[in-house]
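Pasting the structures in now, so scroll down.
Presented sequentially are two complexes of subunit A, the first with subunit B as partner and the second with subunit C.
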Partner chain A sequence: MNDSVMSPEYTDAVKNLLFQLADDDFMYSFRGSEWLGLAPHIEADIAYSSISQDTMGHAAMYYTLLENLGAGNADDLAHSRPASDRRNSILTERVNGSGYYLETPHYDWAYAVTRSYFYTQAKKVKIDSLCESSYKPLAEVAVKVRMELYYHRLHWETWFKQLMSSTDVAKKKMNEAIALVVADFGDVFSYGTQKEAIESNGLIGSEEALQEKWKMNIEPLLTSLQVQMPKIPDQPVKNGRNGEHTNDLEEGLTTLSEVYKFESAAVW
Partner chain B sequence: MTALTELTVERVYEALLNVKDPEIDTVSIFDLGMIGEVTTNGTHVKVVLLPTFLGCPALEIIKKNTINAIKELPEVTEIEVEFTFHPPWTSDRITEKGHQNLRAFGIAPPPRHFKEDGSWHVDCAYCGSTYVTMDNIFGPTACRSILYCKSCKNVFEAMKPVSTNM
Partner chain C sequence: MASFNTISEDNQLTNFMQRIEAGEKIEADDWMPEDYRQTLIKLISMHGMSEIMGALPEKEWVPKAPSLYRKLGIMAKVQDEMGHGQLLLRVTEDLLKPYNKNRADLMQDLFNGDLKFHNVFHMETKTWADAGIIGWLVDGAAIITQTDMLKASYGPYARALQRICAEEVFHAQHGESIIMALAEGTDQQKAMIQEALNRWWEPLLMFFGPASKETTGSSKQDLTIKYKIRTKTNEEFRQIFFDKYIPRIISLGLTIPDPTLRYDKDSNLWTYQQPDWNEFKKIIKNQGQRSEARLNLRRHSYEYNSWVRDALSANIS
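And then the complex of A and B:
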């Protein structure tokens, strides 16, 4: 479908989905960027910053599609919307650990690897489905994202496998991280109150189908590592798709938009 | 009195050969396969570019350099440059000359083929040895990887293969 013949209902459904996709990648990328200079070794540092940069590019594309639909300026959409307007999943907004980036970052690498591996696999399932989206501009972006995502998956799968096959301490930390990540997975495949509109317009596969696909994709690796298949909560405690968020998002937004808000007329 | 030369697509292409990748100045955006479509209408020029990686910070610079290169054609009155994702940029768009010029910069060009398991192999950009190891699939820019040559003991970079089959 192209922009000229879209009904208002269809346009609204597209926008709602785009906000979920954009905000997910935007927050995931921001949390990744906080690791810059802190990853366990230089190769990991280069890779993670590269992945974060790619992912920020993906978020920028979704915000641009929103701009093209009249939702507002892409930079503003990224920086200026309050937490209650955000539609990212809870998982993507969580802090990397205790402490602050510039002072005492006690970040948890096991959590970073696990969040990234599970998130990237979920993104892969969504992107595959979006390549068939009824909204043509979104399908075209998805084809492009899929090629870059290939390298992200390869990277996080390698790390996940290696840490899970490592020392007892590493395994213990990884299992703790899996528990934390899975507890937050309840809204990753949710479209919130927009479920009916998003699914019935053929914009992307159903919540249930995508979640099932995700499980099927990660099961072989988890089984080979003797990790139990995670049980995703049926009902998320908070659903980010409906604008329900933790304080982590509030604080993250304050940090990431500080420079933008300092001089919003500046040209970048 | 000088007659204005007719503004043809060929002449725009000639001008675009001068637009180099800002970080790899031996390779033009033409040889990188980034030019999607060029159209002229009277004295108006429209160029559609294909971004290599979506988050590439060089895109705005490339756009600006493209506009400046076309401005060199005296008869042009209006220039439009935009990015598109359709068709998507893939690494097989890089020309043979692009491959040569990447090597001249010390970057191994992207391999044309993947192995069955999705992995890929390139030879050393400096000595051509096939005896290399992948050091980091991610490199100094989104489109590059870092490898090590066990023959000439050089670290070198390779342009990542990107294909719609991935």
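And then the complex of A and C:
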């Protein structure tokens, strides 16, 4: 379907889904950008930075689709909406570890690798489905995202595999990270209160089908590494798709919009 | 006929200098005099670490960049800088082989103060305009010194610089674009650039180093010229910077914070107030505004994540 023949209900469903996709990638990329200069190897730093940059580009494409649908200016949507209007999964808003990025933070590489690997696998399942979306502009964006996502997934899978098959210290840290990531995974495949509208309009596959596919995709690697399949919570503690968020989001938004909000009339 | 290995050191040096004079490239495995190797190690490791440490002041503004477009631009820019650091450390690692030293040793040298990073990256950043000034003028200054070394006698460095300089041109455009937006913006935005320029003017003069070794007690500029690593002196670079950027800065309506600055038509040189070279000496001893804080950030993250390097280098059966 294209913009000219859309019912108001269909348009609302598209917007809702786009906010989920855009806010997910925007926050994931923001957290990645805080890691800049601090990764354990220079090579890892460059790769992670490249992935964060690609992901910010994906967020920008979704916000632009929203702008085209009359939801508002893309920069405003990214920088000005309060936490309660955000539709990202709580997984993407979580801090990288303790401490503020401008001071001397304790960022956890095991958490970065695990969050990125699980998130990127989930994103792949969604993007594959979005390539068939009834909303043509979104399907076209998904095709572009898929090309870059291939490398992101390969990168994080390699890290996950290497750390999980290494020292006892590394395995312990990775297992702790898996527990943290899985606890926040309850809303990753959720569409929140918009489930019916999003699914019935053929915008993307169902929550259940995508979650099942995600499990099937990661199972062979996890089994080979003797890692128990994660049990995603049936009910998320907070559902970001419905605007329920942690304080981490509020603090992150304050940082990422500091200059944008410095002067309302300014063009940057 | 005597093999190359049996030629005396004097002959090797003569042969080496003939190659340098003929404009040939010296490669990593070629014979080279000790002071050539040492000069290269000092120059390239400092250049590499400056790229890596230089990512930190700009990184402070990456998450805060004020639009999607600016976020994408500055992320790409800082990533490039880390990439330059990686390229240059690889070049240095090859030069370090005879000493059995590697990248981990370079990191330790940085942490204990033996390996310096460039004076500009010890400075504090206060507003988004600092990110613009760094891109526009610091990278602009770097282009002047680095393009001079594109024909450096050491092949691996000259080749790395080909790519680095090409990317630095984009960085300067990125910085200029940030500054242009501010210059055409609100009164507060204009004030923001002027304040940033006031902060960065002295560090920019210091960027090229003192005119002679009398200022700091040592300088490698004579050796680097002798070995055709570079062609111009520190002062010549500074004058090129003035020629290129003073008119541009003024055209944006900004005031250069030096009332004595003027162009001398007789000598075709700019006269200017010298920066505080005592401050420069402090900075190169890691006693600048943010020297310890940035070193500490890198040292801390390096040590905090040491388990990752241990894990990757572990021999797991």
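We adopt the following convention: the second predicted complex is superposed on the first by the 262 of 268 C-alpha atoms of A that agree within 3 Å, B and C clash if a C-alpha of one lies under 4 Å from a C-alpha of the other, contacts with A are read in each partner's own complex, and residues count from 1 in each chain.
Quick note on the criterion: contacts are C-beta pairs under 8 Å (C-beta built on N, C-alpha and C of every residue); 3 or more make two chains touch, one makes a residue touch a chain.
Note that the structure is a prediction, hence the values are computed from the model and not measured.
When both complexes are overlaid on chain A, the residue A:155 reaches subunit B alone and has no touch with subunit C. When the shared chain is aligned, subunit C comes close enough to touch A:34, but subunit B does not. Judged by the touch definition given at the top, the superposed model places A:74 against subunit C, while subunit B stays out of reach. By the touch criterion defined above, A:143 lies against subunit B but remains apart from subunit C after alignment on the C-alpha atoms of chain A. Measured by the number of subunit A residues touched, the leading partner among subunit B and subunit C is C. Applying the stated contact rule after C-alpha superposition, one finds that A:260 touches subunit C and leaves subunit B untouched. By the touch criterion stated above, A:167 is placed in contact with subunit C alone, subunit B being left untouched.
In the superposition on chain A, contact is made by A:58 with subunit B only, not with subunit C. Contacts of A:135 after superposition on the shared chain: neither subunit B nor subunit C is touched. In the superposition on chain A, contact of A:46 is made with both subunit B and subunit C. 43, 46, 50, 53, 56-57, 60 are the residues of subunit A that lie in the contact sets of both subunit B and subunit C, per the superposition on chain A.
Taken together, the subunit B residues at the contact with subunit A in this complex read 51, 53-57, 85-86, 88-90, 118, 135-140, 142, 146, 160, 162-164, 166. Here subunit A touches subunit B in the complex through residues 43, 46-47, 50-51, 53-58, 60-61, 140-141, 143-148, 150-151, 154-155, going by the rule given at the top.
Chain contact summary for the complex, subunit A toward subunit C: residues 29-30, 33-34, 36-43, 45-46, 49-50, 52-53, 56-57, 59-60, 63, 74-75, 78-79, 101-102, 104-107, 109, 162-163, 165-167, 169-170, 173, 255-256, 258-260, 262-263, 265-268. Those residues of subunit C whose C-beta lies close enough to touch subunit A in the complex are 52, 55-56, 59-72, 75-76, 78-79, 82-83, 85-86, 89, 128, 178, 181-182, 184-186, 188-189, 296-298, 300-302, 304-312, 314, 316.
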